[in-house]
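Labels run A, B and C following the written order; every chain starts at residue 1.
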Amino acid sequence: MDTIAEIPKEEFILKCTSACAGCSDSLALRYVLKAAGQDTVLVVPACCTSVIQGIYPNTAFNIPVYNVAFAAAAACASGMSNALRSTGKKTNVIVYAGDGGTLDIGIQSLSGAFERGTDFLYICYDNEAYGNTGMQRSGGTPIGARTTTTPGGKTDVKKDIDAIVAAHDPPYMATACAAYPQDLFKKVQKALTFRGPTFIHLLAPCPPGWRFSTEKTVEMGKLAVKSGMWVLWEREYGKLSISAQSKAAIRKPIPLEEYLVPQGRFKGIDPKSLETLKQRLAKNIKKLTAEEAEV
Amino acid sequence: MKKIATGNKAVAEAVKQAKPEVVAAYPITPQTEIVEQIAEFVSTGELKSRYIPVESEHSAMAACIGASITGVRTFTATSSHGLLYMHEMTNWAAGARLPIVMANVNRSLGPGWNIWAEHTDSLQERDTGWLQVYVSTVQEAYDATLMAFRIAEHNDVLLPVMVNLDGFTLSHIMQPLDTVELGDYIPPIHLPFAIDPKNPAGYGGLTGPEQHFKFRWEIERSMRDSVPVIKETEADFARRFGRKYGFTDEYRCEDAEVVVIALGTLGKEAEVAIDMLRSEGIKAGSLRIRWLRPFPKIDLKGKEVVVIDRDYSFGFGGVLAGEIRAKCGVDVYSVIAGLGGQEVTYEDIAGFIRTRRIGKEFWFGVNDHV
Amino acid sequence: MYEIRIHSRGGQGGVTAARLLALAAIHDGKYATACPFYGAERRGAPIVSFVRIDDKPIRIYSQIKKPDLVVVLDASVMDVVDVLQGLKKGGSVLINSAHKREFPGFSTSNVDLTGIALKENLIVAGAPILNTPVLGALAKMGIISVDSAKKAIREMFSDERNVKAAEAAHREMSS
């Protein structure tokens, strides 16, 4: 797919969501649903998406959305998928959850569903904090970032949920970014062709949370990938392939500062944290490129 | 010192002065401001605590239990589904006899998601062995939190204490707050059975049918022993800081022919309804229950009683109405109002009293008498 | 009791305006409560906040139905919200406006808070700060004293431009 014009026109996210101006969660979901199509159920734990749907008696999403308690999304999806498949239905079961609901409170049910080989797609849209409650730190918050519960900058590193999920040997997993809709579209389509648990970890830049102005959402996503802070890749049965945009970024990365400086959450970042960010970025790229090069 | 604060900030301010060694908490609307403020106090050094940003509320209570058993002061805060997720561990905390203090910002239960005030969350915890107090002003939120630590840690009690404040209606509004110079009001904590490698013991292990019930009785015995402790703690607070509280907050009840009973801010706004009704010649009074556990002695003989429940026990009735009937030996007019943050004004409350039908239940906004 | 309803959009500081006003009233020796109305609040959406001021402790928590004063910080909300709803007969309106507006039946005060904020360079994240200058206008209307307004502003904000903006609003407000 070379142009955005090849993405289907049908919209599953209707007008009048309750999203903030510049929200990448709803932007990404728009492409996720275009890739998944009408025969889809979305399972949504407590997260920004719970609010974006709008308030009773309306919903802004034109597919069934099952809202469920914070810790329970993957377990609920597991039950739902088993029930649908046992009655011969092929309906896509997609969990659409934030980083808090995936890396922290939702990790138990995520691990269980993956360990049992559940046939579903789990998408974690990661805005690197608890967005719905006003941007408190989560396991997904990078080191050095300011949140309302880490006013001096987080002192722990970002939890590597991809490694944790990979340890469950899913048939397909990938990273994506809201700023690259075609890449996301393709990955969702591909994930849905596999039977079994699939995982997409999607970077979702957040203007109020990361403190940048609302028209810069897509730009932030691109800077994340171009600096190497976020690497786009896929794993099919564990075999890694780095996506084209990240290959280009690895060849000629932009300095990490170009990504960090426009974000208020990194203002005045502790030099040690900055150093850790850079080291981990370098280590990650080295590890991924080495793995891909292995025959 | 006089300032203005939200209910949440007032709780955080009290926690800062109580100086817990460990705070373990997880964000949830409308409590989040409490833990954000505490995190900020810790980051600026105003509070020398370890703040543990745990991964869920079940873990928040588990972490508080782990910290508390070492003999240090601990605190957490939650609401609604967070409290529900904690439920196994709130039971554990009381059974483990740990003086943990928790602020619960009362919020309704889903589905559907609703972030506004309702008391069902904390009322579902009423069987656990936690002491429970319900506040109605920012000042009271601050004062009750300070007192909670002293009551919980008293060696005749050693049970956890929950301070409840209405979500948004109290947690997010600003009212005047007068902070105090604590001095030695809260004595240093001393847990007689704290973990000690020099004096090893097994905690909470297997207990058989011939022993277990004795531990359960001990919880109840301490719950009863907490009554004089609460009285004495509040009396000392009044002596030192000039503000009096009590198990209930009664307004114009002495010669009242009809009394309205409620928890939280509804119980405070009810006073405005009482003034209105009195000017109409109706001898009404309001009785706001503060301490729900231990359940207070309330004398309602000769009075007609209207109970407003901002909660419900499906298949049974309003929780407060049921408790009043059972403990006070009176029948009541049970009004179910304010669920999910439903707006209830002093005019509505006056209406409930004027149109009361003792023995009946009325769901405000839904239908007439059930 | 004096009841005030403030209309603005999320992110403009309407909630803080309520808090500042309550704080100033408390410095005047009154009782005051301030409360935001939390709908699906997010940046840009119309929001309302409430302030009650009284000489006795305030025991009302329910929403203000019949305000004495309506403050409109962002006139554009009037396209979607009936800002005059419930306004008491003989009540007042204070509106952030560069040109003179009138609301028949109600005494209206106009003050160009946006212009004042821009002149003082009181801008955060691209938006002019309206919640501190509005205190000057409220002081001119006699709701709070000038001294308490300044005290409240200084307690919440260290930047003295906030006080200057409030003083400008006090001078420039026209009734």
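Assume a contact is a pair of C-beta atoms (placed from the backbone, for glycine too) under 8 Å apart; a residue touches a chain by one contact, two chains touch by 3 or more.
Bear in mind that the values here come from a model prediction, so they are computed numbers and not experimental data.
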| task | Would you mind telling me which chain pair, A-B or A-C, is linked by more contacting C-beta pairs? | result | A-B
| task | Name the chain with the Cα centroid closest to the overall protein Cα centroid. | result | B
| said: As a quick test, compute the distance in whole Å between the mean CA positions of chain B and chain C. | reply: 34
| If you average the CA atoms of chain A and of chain C, how far apart do the two points sit, in angstrom? | 41
| Complex contacts: residues of chain A adjacent to chain B | 46, 50, 56, 67, 69-71, 103-105, 107, 130, 132-134, 136-137, 139, 148-152
| task | Please name which positions on chain B make contact with chain A in the complex. | result | 26-29, 32, 35-36, 39-40, 43-44, 51, 53, 55-56, 81, 85, 110-113
| task | Report the residues of chain C in contact with chain B in the complex, numbered from low to high. | result | 18-19, 22-23, 26, 31-36, 38, 58-63, 65
| field | Interface residues, chain B side, partner chain C - complex | value | 2, 4, 115-116, 166, 168-170, 172-176, 265, 268-269, 271-272, 343-346
| So in the complex, which bits of chain A are touching chain C? | 18-21, 51, 54-55, 208, 213-214
